[in-house]
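Next come the structures, one after another.
Each of the next two complexes has subunit A plus one more chain, namely subunit B in the first and subunit C in the second.
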Partner chain A sequence: MSVIKVPEIDSVDWSCAACGEELVRRPVELEYLDSQFTVELPVCPQCNMVLIPKALALGKMHQVEQLLEDK
Partner chain B sequence: MEQADLRQWERQCIQEETPRCVAACPIHVDAKLFCSLMGQRRWDKAWQVLAKTMPLPGVLARLCDAPCESACVRKDAGGAVELGELERYCAENAKPVPPPKPLPSRGKRVAVVGDGMSGLSGAWEMARRGFDVTLYSSEPGRHLREALGERLPDGVLERELASLVTLGVRFDKEMKVSPSVLDSLLEEADAVFLDSDAISSDLLPAEVPDEITLGVPRLGLFVAPKGEASPVLQAAAGRRAANSIERFTQGVSMVSGREREGAYATRLFTSLEKVESVAPVAVESDSELTARDEARRCLQCECLECVKVCEYLRHYKSYPKVYVRQIYNNESIVMGTRQANTMINSCMLCGLCETVCPEDFDMAEVCLQARRTMVEKGKMPPSAHEFALRDMAFANGEQCVVAEHAPGADASEYAFFPGCQLTASDPDGVEKAYADLRGRIGNVGLLLHCCGAPAHWAGREDLEAETAASLVDKWEALGRPKLIVSCPSCVKTLRHQLPDAEITSHWSLLRAIGLPQGIAGGGAFAVNDPCAARHEPLMREDVRALLDQMEIAVTEPELTGQTTECCGYGGLLSEANPQLAKRVAQRRAAAADEDFVTYCVMCRDQMARVGKRAVHLYDLLFPARSRCACRPSPGYSDRRENRIRLRERLLRELWRKEMDGETDPADAIDVSFTEEALEAMDERRILKTDIRKVLLQARNSGKWFVHRETGRFLASFRPSIVTYWAVFENHEGGYLVHDAWSHRMRIKGGQP
Partner chain C sequence: MTVGSVPLWEQPVLRQTAGETLRPGSFELTDRGADLLGFAPGWKILDVGSGLGASVNRLRSRYGVEAYGVEQSIRQLEQASDTSNLVQATGDSLPFAGGSFHAVLCECALSLFPNPGAGLAEFQRVTMPGGFLILSDLFADRAAPAEPGSCAGRAMPLASIRQQVECNGYEILRVEEHTVLLKDLAARLVLAGGGSEKECGCAGRKGLGYYLMIAVKGY
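Showing the complex of A and B:
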């Protein structure tokens, strides 16, 4: 499956508090209503904690959720 | 929805029915479109409309006696639109158009005898349908010219006769048709049409022609009715003969499906309410403006009674007949996007459309059934109603439910049922109302529970039944008391959920027993009937009687009582489509200049959300300084807390019950919120308890992000099917939350 890139999200301002690591962009698997996507998202390189930025959650992600709900 | 249901619904919506003028026209000229174009001074286009339907349009438009005028709806608002005059103006001023292109030859021969309007029209109609037509007349058009000569300017008839030739009609001027010639014509041709008023009487058969077919017993012979004076009815006879001859030569039924061939009655309703009476404008042949202005008096008849009063129906830019088809199609989709889901979930189920519809079309029933089907098929969008249903479950959970006899009593003749939204929005009012009831009636128990309306609106029959079962259980345990119910939606729902219970509205009861002590009377308000009171005339009357007793001057909005508007909460619109709900609330808010007084707390809160000053009746009956018309609607978290605290307070103070010590560890999280955070959370349907869980999870796991510049933290948690995020900082030994968001998509890989 191809990796979806979301260039408009900007998350370099956040780092992982526990690991003290800067976040890196990595493919992350997301799932909703039997659909799966691989999206490049900011992740802690050490503990793999994923960040979903506000703009993504309320923007594109919300749109896709609505779209899947109507499928 | 089955296809038969769809057809039934489609039939019930009359918006697409024929306008009365078109139905009354024997040849069904589209007079509505004609007037619209004339009103825009588009004479040539208007002429094309006439020429499309009329045989020999140059002649007929000038002679037409306009029977449509007697059917015109404008008749009762100044006088019928003078269509006949407009036709003549158009005929004089528009560019003539060539006759229609005839269909390919059918290889069928028809003889037309007689050159009056019926004969010429019959020849025109048959020629354009591909018949080989021969018109027998020694001097074609002579009859018409003699009959109506001075009403036709020079050259008009000649032009249309030339058009007949262009259409392929052959004129036989030599043959003098005698009875024996008629016999031979009937032998040679496939059919013969006689224009009764333009032939010698010895050709006419003894029998009167059949009304529907114009046929006579002699096979193949069709005869126009004799003595018809109306030119347009003569033309209609020509067309009817053409239709019959077409059927005759095809060997199909001569009579079936011909009900709407001539003038017929239409079901289209057009309201004259708000239509200003305007007298006809005398159309002058040399004045464009008179023709335009007369055409503009046309009402452009349509129904749209429901769309006029409903923001939801208006929003989707069509009308129920179209919507019901979209809903039917939506249900039929196997693969692909269900485009109508949001539309289905946006109906307020308030019943206003049914009330104003001349045919009682009920969009609520269509949408509720569609929602139930969506639920049944697993196609209801999970996000549409989930928040409201969670709230309902919460209101019916152990933190909120109360079912008690009056303090110190072991039986209840009555039980007070204020409803879960009133307890959420105005717990103090509920407490005072209950105290008043106990004080004046005595043995009144208390039942705090949700009536199940959200489940009903969401199409969740399972949850509706579950709520009903719980309600029955508690009501039975209280000894089946009579219920005193405040909320009109609860009254409506409980009648269904608790069919054996005797239900009295609190308003009826107060009217009977008198006002409580300490009311805040006086002043002036506009009364806002909740949509649930639409079919409750007594309740509406009780409320007005109470207001009168309180010496409150009341005005009524235009849409009131039976035709009241929903505030935007009904049918869970505000959950499924918050933007539209806001517009609905704004529309209702604009319905009165005065502050509203209402008796549904959701109406009050919806008004408050759009900045409209509004009070609930409890605010006046059981006043408190904090409850003014300008108070904001409590947020979702506050509503929950209000229910919890009310229950705790009542149980402790009235029933001396101590709360069990078991608490959620998340409740122990010490957290405060900025104004911005609270506003964002309410809009995004995020509760304080959701954020507490995020913070607890962050504290327990030690996992969060930190912002490089602000130093604020960001953590997430997914308690069940929604992931919540919170931006926070440490603050006075606890947390201060600055922002929050959520998503339903799940991050795979075990992030909690």
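Showing the complex of A and C:
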């Protein structure tokens, strides 16, 4: 399945506190219950730490979790 | 599933998230139906509501069948990569002689018919005796007021669908629930959408499911 591009990520401009590297957008595998999604997210190119912006975590990702939980 | 006046299946976001098939599960249920019935080279297959022609191409290349598609939307036909086996028509008035096909396929489209019963009668007419019907679509846990142009808003209870299929001369061989495919696509649409909860009716409406039904036409 194709990589999902989340519009909110376009405005993210962060650096990794540990490495000092600017985050770059890369496909990241997200799993929840039995579903798996490949989503483009900001990643540190040095240590591969992934940033999930708060608005995304509390917004769409929360909505997806509820949807998959059938709530 | 509509946003404003443009139905979801005509929007780029669906193609980006669901691919060329524009429906839950991509080819998973297409292949499952074809495998269960043992589609063989030379079989004539009709896909009603063929969209961009993805299933027609898939069935021709993977199973060697003589597949054709019927699609009422000019916009969908214009975007199809190969229209040589696609015909512009509505599903309840098929431009084929009676008994022409070994099987009729209708994927994620029956709930959009103004009169699904009339569509099923037409599917039955163009199917040869002993031929098959493969349906995959949304179902609802209860009847809801119909929303024009919205498949989520027009989903029928599974019992009603079964009854209409049987009333139109078919014997149901198998019904399977594949709701996980619907949830998966709805989740993808939420992630890829512009932030509106109304991007996909499936995400906002409770009690929706997805089924695969296989039936045989009597002799």
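As a convention for this text, the second predicted complex is superposed on the first by the 66 of 71 C-alpha atoms of A that agree within 3 Å, B and C clash if a C-alpha of one lies under 4 Å from a C-alpha of the other, contacts with A are read in each partner's own complex, and residues count from 1 in each chain.
The criterion applied here is as follows: a residue touches a chain if its C-beta (ideal position, glycine included) is under 8 Å from a C-beta of that chain, and two chains touch if they have at least 3 such contacts.
Keep in mind that this is a model prediction, so the values were computed, not measured.
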Worksheet item: Does the superposition put A:59 against subunit B (first), subunit C (second), both, or neither?
Response: second
Discussion item. Taking the superposition on A as described, I'd like to know which of subunit B and subunit C A:2 touches: first, second, both or neither.
Written reply: second
Worksheet entry | Partner chain(s) touched by A:67 [first = subunit B, second = subunit C, both, neither] | both
Discussion item. For A:29 in the superposed arrangement: first (subunit B), second (subunit C), both or neither?
Written reply: first
Practice prompt. Check the residue A:51 against both partner chains and state whether it touches subunit B (first), subunit C (second), both, or neither.
Written response: first
Practice prompt. Check whether subunit B or subunit C contacts more residues of subunit A in the superposed model.
Written response: B
Discussion item. Output check: A:17 vs subunit B and subunit C. Expected answer is one of first, second, both, neither. What do you get?
Written reply: first
Discussion item. Going by the contact definition given at the top, which residues of subunit A touch subunit B in one complex and subunit C in the other?
Written reply: 61, 64, 67, 70
Fill in: For the subunit A and subunit B complex, residues of the former touching the latter
12-18, 23, 28-33, 36, 47-52, 54, 57-58, 61-62, 64-67, 69-71
Response to the item:
In the complex, the residues of subunit B that touch subunit A are 336-339, 341-342, 381-384, 684, 702-709, 713-714, 716, 723, 725, 739, 741-749, 751
Item to complete: Can you check the complex and tell me which residues of subunit C touch subunit A?
Response: 16-17, 19, 26, 180, 183-184, 186-188, 190-195, 197, 203, 206
Worksheet entry | In the complex, subunit A residues that touch subunit C | 1-2, 4-8, 34-35, 37, 39, 59-61, 63-64, 67-68, 70
